[in-house]
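Here come two complexes built around chain A, the first alongside chain B, the second alongside chain C.
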Partner chain A sequence: MIRNFDARSALLSVLILISGLAIWHFATHVPETGPVGVVLSAEQTDTLLGNNMAAEDIEFYASQGVAFPQLEQIAALNLSRETIEMAGGIRALGISVPDANSAPAPGSLFPSPAKIGVELWATITDPFYVAGTNDMGFGIQIGYSLLRVIIGYTLAAAVAIPLGFLIGMSPLAYKALDPYIQVLKPISPLAWMPIALFTIGDSELSSIFVIFICSLWPMLSNTAFGVASVRSDWVNVARTHELGTLRTALTVILPAAAPTIVTGMRISIGIAWLVIVAAEMLVGGTGIGYVVWNEWNGLRLDRMIVAILLIGVMGMLLDAAFARLQRAVSYVE
Partner chain B sequence: MTHFKDPFNPNIDVWNECGEASGEPANPYVGLPAEDAEILRKRAKQALNPEVGMTRALESSVMQGLFKTDLSRRAFLRSAGVTGALAAVATVFPLSSLQLMAEEAIKNLEKTKLTLGFVPITCATPIIGGHALGFYERYGLDVDIVKTAGWAVSRDKCLNGEYDGSHLLFPMPMAMSLGIGSTAQPWKVVSNVNTNGQAIVLANKHIDNQDPKNWKGFKFAVPFEYSMHNLLLRNYVADAGLDPDRDIQIRVVPPPEMVANLRSENVDGYLAPDPFCQRAVYDQVGFIHKLTLDLWKQHPCCVFGLSEKFITENPNTTMALTTSILEATAAAETADGRVAFAESMAPANYLNQPVEILKQILTGVFPDGQGNIKAVPDRISFMPLPTQTMGTWVLSQLRRWNYIDSDTNYATLAEDLVLTTTTRETMRQMMNADVNLTFSDAEQDVFAPVEIQGQTFAPEAAQEFIDGQPFSRTI
Partner chain C sequence: MAKPFLSIERLTQQFPDGAGGTLTVFENASFGVEKGEFVCILGHSGCGKSTIMNILAGLAEPTSGVVKMDGMHVSGPSLDRGVVFQNYSLLPWLSALKNVTFGVSARHKGWSKAKVEEHARAYLAMVGLEGDVVHRKPSQLSGGMRQRVSIARAFANQPKLLLLDEPFGALDALTRGTIQDELIKVWSQTEQTVFMITHDIDEAILLADRILLMTNGPLARVAESVDITIPRPRNRTEIVEHPNYYAIRNHLVQFLGQRSKDLAGHGSDGQDQRPETVHIDKAAHAEADVDIEPEGAHLRAVND
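Take a look at the complex of A and B:
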């Protein structure tokens, strides 16, 4: 029955994907027709010839979809075919006011799934190229992002878990510090960024700091909560066995609070991954967030969507790792 | 007029700007003793070597310091003879040590590994193309250029010392030095990386509404508060009778997001740098209402900026860096250079834009999105000399709109922040060193009044000028 259920859910997932892609495809697909040639009247051709435009140029320009009013201006400005080539070619020059008949502009459409598939394939097959400081493969960029996340996150865990433990073991400290944690927790990474840049004065350290500060709170509050809500019976039992404080903490409280702590860590890693993309979009340079920004800057939506997809996949993998850890420490009372 | 002008030749005018008019001989060695002519010929040949050329420029400035005018210099050379003059001047001024200094500059770089920031727009053509086409390497510099998301981040990275130098907006070194909008740190305008090159773009729905008088309620985007864009837009709408703080809304939007904001009708238009003006036409979401050169011909826009600290600590590197950027700027101005720079900047590592858009911008042959095809060769220009008039205008306009909150001596401040003299000197030296190099702006009067939207702005009367302008916040 369970196997059957798994198979059905997988089938449904695939169906959703296919129908989603199909809708996307039909909404964005434009057949590659090439330029729609313009037919000039004999009179118009004569006017252009009279303005010293060569017959073969007229034919070529018209075949590239440039309308008569624009051709007339080209003739009046006395632009040679060579000048037009130097200025990026006749097709780009022919773009005028959009009207119902004109073909859609080259970069104006949302990319179709097929186009993104092509980019995705190119990305996956060549993830580690380096074409300069500002243009490196996705593999390298994800590596940069992961490295920042790991450093910031590890620092946060190193601070939050012991501190949360202490706070959780003292009801007084827990109650006194709780308002501060609640205020600091919801602050957006983008709000921390300018402060970090200003005080730390280094964009690399600033992004790490922002990850640190944003992944700190869920771990801290979850650890404190987990430790504080360990059943008092268990602690009392430990006390009757005359266990020391440290031993009680490590052998009784830690395993008891572990599921809550790991939940906090899982929330934090998700936040850290969200934060790094935002931080890199802001400071630029390297990382997958920078890639999104860079492709956005060039209005290359296809590559941008590939980057977004990869961010999603990486986030899922990180979350899956912590889900495993969570299963490992969970227990049934 | 780019041929080598030897300050020790009594036959030619070295400093007189209209040399031809004063009737220079076709043969500059006519009537000289054979041995003097021989020395001068040898010196002219040596000057083709860039390093020697630079020292010739130093001699020129020493001679100018001594004689002030061509007339007295020529008289002295005629009486003393070239050989005698060389010896006599050397006793007063140790030319050889000066020469040595200039030659050593390139050999003794304090720092060869440099990081420069840029925002991906065509204004940064000399900085970006300079990297792509290898201009920095010629001067022994290993430069990394880093694409930066926006001007605020650029500024922060400059102040942090992450960038050794950066592509900045003309008003930014001033704002940074004065500590408006950031902590105060002295930064200098070294050279213009471009002039002109901006446009006012409107959404297609406004194609029949192109009179700024009717723009009440419009939402405009500019790339940064302390930008020429903001100041020019404010000036433009204020002249049409609209208060830029009340009648329209001006938002700061990073350049890359401008086209998307225009498409989603978040803004009605923007005054922004290319490629995002031409990109709006290419994507058929907007049209070019006006090129900014029609507001102020050869207005400044973006600059190459260095901190005072860097300049003091690294004089030789500063000289080499300035020289390489100036050389790239001059190359970008030439017709062939424009195409080559456009091609070099298209890849993802640099501007990440379709090459045809960049070519349209740099060659100035482009569709304006209103159905017209335009040919405006100076749509973007590369005139590196940052003039005092520019600096004074910017500072006084910052005061006009209350970014600076009290009246100040704009001209003196501009003199401190805009390195006109040293940059001009470097340009002269480079022209002396390379006969094929031309800076058409090198000898312009840097205090000359300019015409901005039909009004004449004279730097010495900056305060009166802004006091008399509409909506001025000075009173």
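Take a look at the complex of A and C:
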């Protein structure tokens, strides 16, 4: 039953993907609209032949969508087709040909799934090439972003979890610090960017700082909350066993609060990954967020979309890692 | 008279009543418990039983008064006082076995891992938990099993005093009976003193040497101390036939039904509030009056 259910949901996912790609494909599809040929009446053909125009030239230009009045003009030039084409074609000779007929229909500027597939394949097969400061493999760029996230996030965890522990274990500290946390938490991390750039200066450190600050609050408040709401019964168990503060913290409070703490960590990594893209767009230089901005400026929408796709996949992997951690520390009361 | 093993002296507990005043749960309560005794305390909900027990455990500070064990002041929890909490209080992220080794390794810091585990397993086996069950988390155990783990955890530490707060409250009659038997078995093999809260009169008579009766709160008092003059080993089907059984039971029912209310709500006027000893022994009278053939069982029934 369960396997059947999994199979059905997988099938449904694939169907959604296929129909999504199909809609995308048709929305961006450029039909092969060659020029629409013009059909001449026998009388018109005779007129042109009478003007010394070769029969195959008449047929050629008519099939290119050139109408009778213009054909008459061509005939009046009294030049062979080779000469006309060498001179740059009939347009170059000042004969106006209606665009709608002779030029292909304007296609969508948005890349088709096939085009993106090609670009994606190129990225996957060669993710780490370096062809210049602005032209590096997406693997390298995402590596830059990931490195910034990991540094900022680790620093935030190293501050938030011990601090949250202390705040959670002391009702006084909890109450005193809560207003600050509540005010600082909802500030958009990017709002810190100008302050960071002004005080730190270095753009690299500034984006790490922004990651640090945005990862800090969810971990801090979740740790404090988790620690503060550990059931007093469990703490009493530790007390009746004469456990010291440190052992109580490690053997009772930490495992009891772990699910809440890890939830905070998971929220933080999600926010950090959202924020690094925006921060790199602002700061520039390297990173997957910068790539999105750069490709947009170069109107390489296909590469931009591949980059966006990679952002999504990387975010999913990060979240999945924390989901796994969350399962490992969860317990049923 | 020598001081009892556990001595509760002029214990008073007040709480803010939530309306700006104070609620006096009990005042100047004084009583003692002898070493090796099994004492049950009966009283209506909210009279202050858990409050007394938390003070005995050292988990709560009384407003005034002292508790002494072996002549030492009780201040703060100790490994000498094991607690079986009303709601089991097992650590849900640890398996049954780990919950017990948690306690054992706290008690015996020098023991090797293997020794700790062996000791924990022995106590789990004593309460009937053996094999794969010990590796299950509390959430995967039945209520009765959890209760047994909790008892094993407390007993494995061999505390001098065991405090049990309505330990069988949530169990069905059958499981309850089994665990009661296990509790008595474990207690009789050791030298421990047990102080147990219960709402169940029959359970109290079956298990206790002595039953403390509390009046209703506020200003509750431990009004009576009823000796259970029924010999051990007791068997739940046989004790009802003992001449003292219904006399004691009627006395308890009558107290809880009527006198717990009548006696409630009186201040102590600064006096020690000591329970009155009640000794009901029909069997002793019967033997004194009518000379029945002196069968051993009956003679042993005379507790005094």
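We take it that the second predicted complex is superposed on the first by the 256 of 333 C-alpha atoms of A that agree within 3 Å, B and C clash if a C-alpha of one lies under 4 Å from a C-alpha of the other, contacts with A are read in each partner's own complex, and residues count from 1 in each chain.
Going forward, a contact is a pair of C-beta atoms (placed from the backbone, for glycine too) under 8 Å apart; a residue touches a chain by one contact, two chains touch by 3 or more.
Bear in mind the structure is a predicted one, so any value in this text is a computation, not a measurement.
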| item | value |
| --- | --- |
| Contacts of A:P255 with chain B and chain C, given as first, second, both or neither | second |
| First (chain B), second (chain C), both or neither touched by A:G244 | neither |
| Chain B versus chain C, judged by how many residues of chain A each one touches | B |
| Touched partner set for A:P179, first chain B, second chain C, both or neither | neither |
| Partner chain(s) touched by A:N236 [first = chain B, second = chain C, both, neither] | second |
| Residues on chain A lying within both footprints (that of chain B and that of chain C) | none |
| Sites on chain A touched by chain B in the complex | 69-70, 73-74, 77, 79, 83-84, 86-89, 91-98, 102, 104-108, 131-135, 194, 197-198, 201-203, 281-285, 293-300 |
| Residue ranges of chain C in contact with chain A within the complex | 57-59, 76-79, 81-83, 85, 87, 89, 91-94, 102-103, 106-107, 137, 139, 157 |
| Chain A-facing residues of chain B, complex | 120, 144-149, 153, 156-157, 159-162, 183, 204, 207, 255-257, 259-260, 279, 281-285, 287, 338-339, 342, 347-360, 363-367, 369-373, 375 |
| Chain C-touching residues of chain A, taken from the complex the two chains share | 233-234, 236-237, 239-243, 251-252, 255-256, 258, 329, 331-333 |
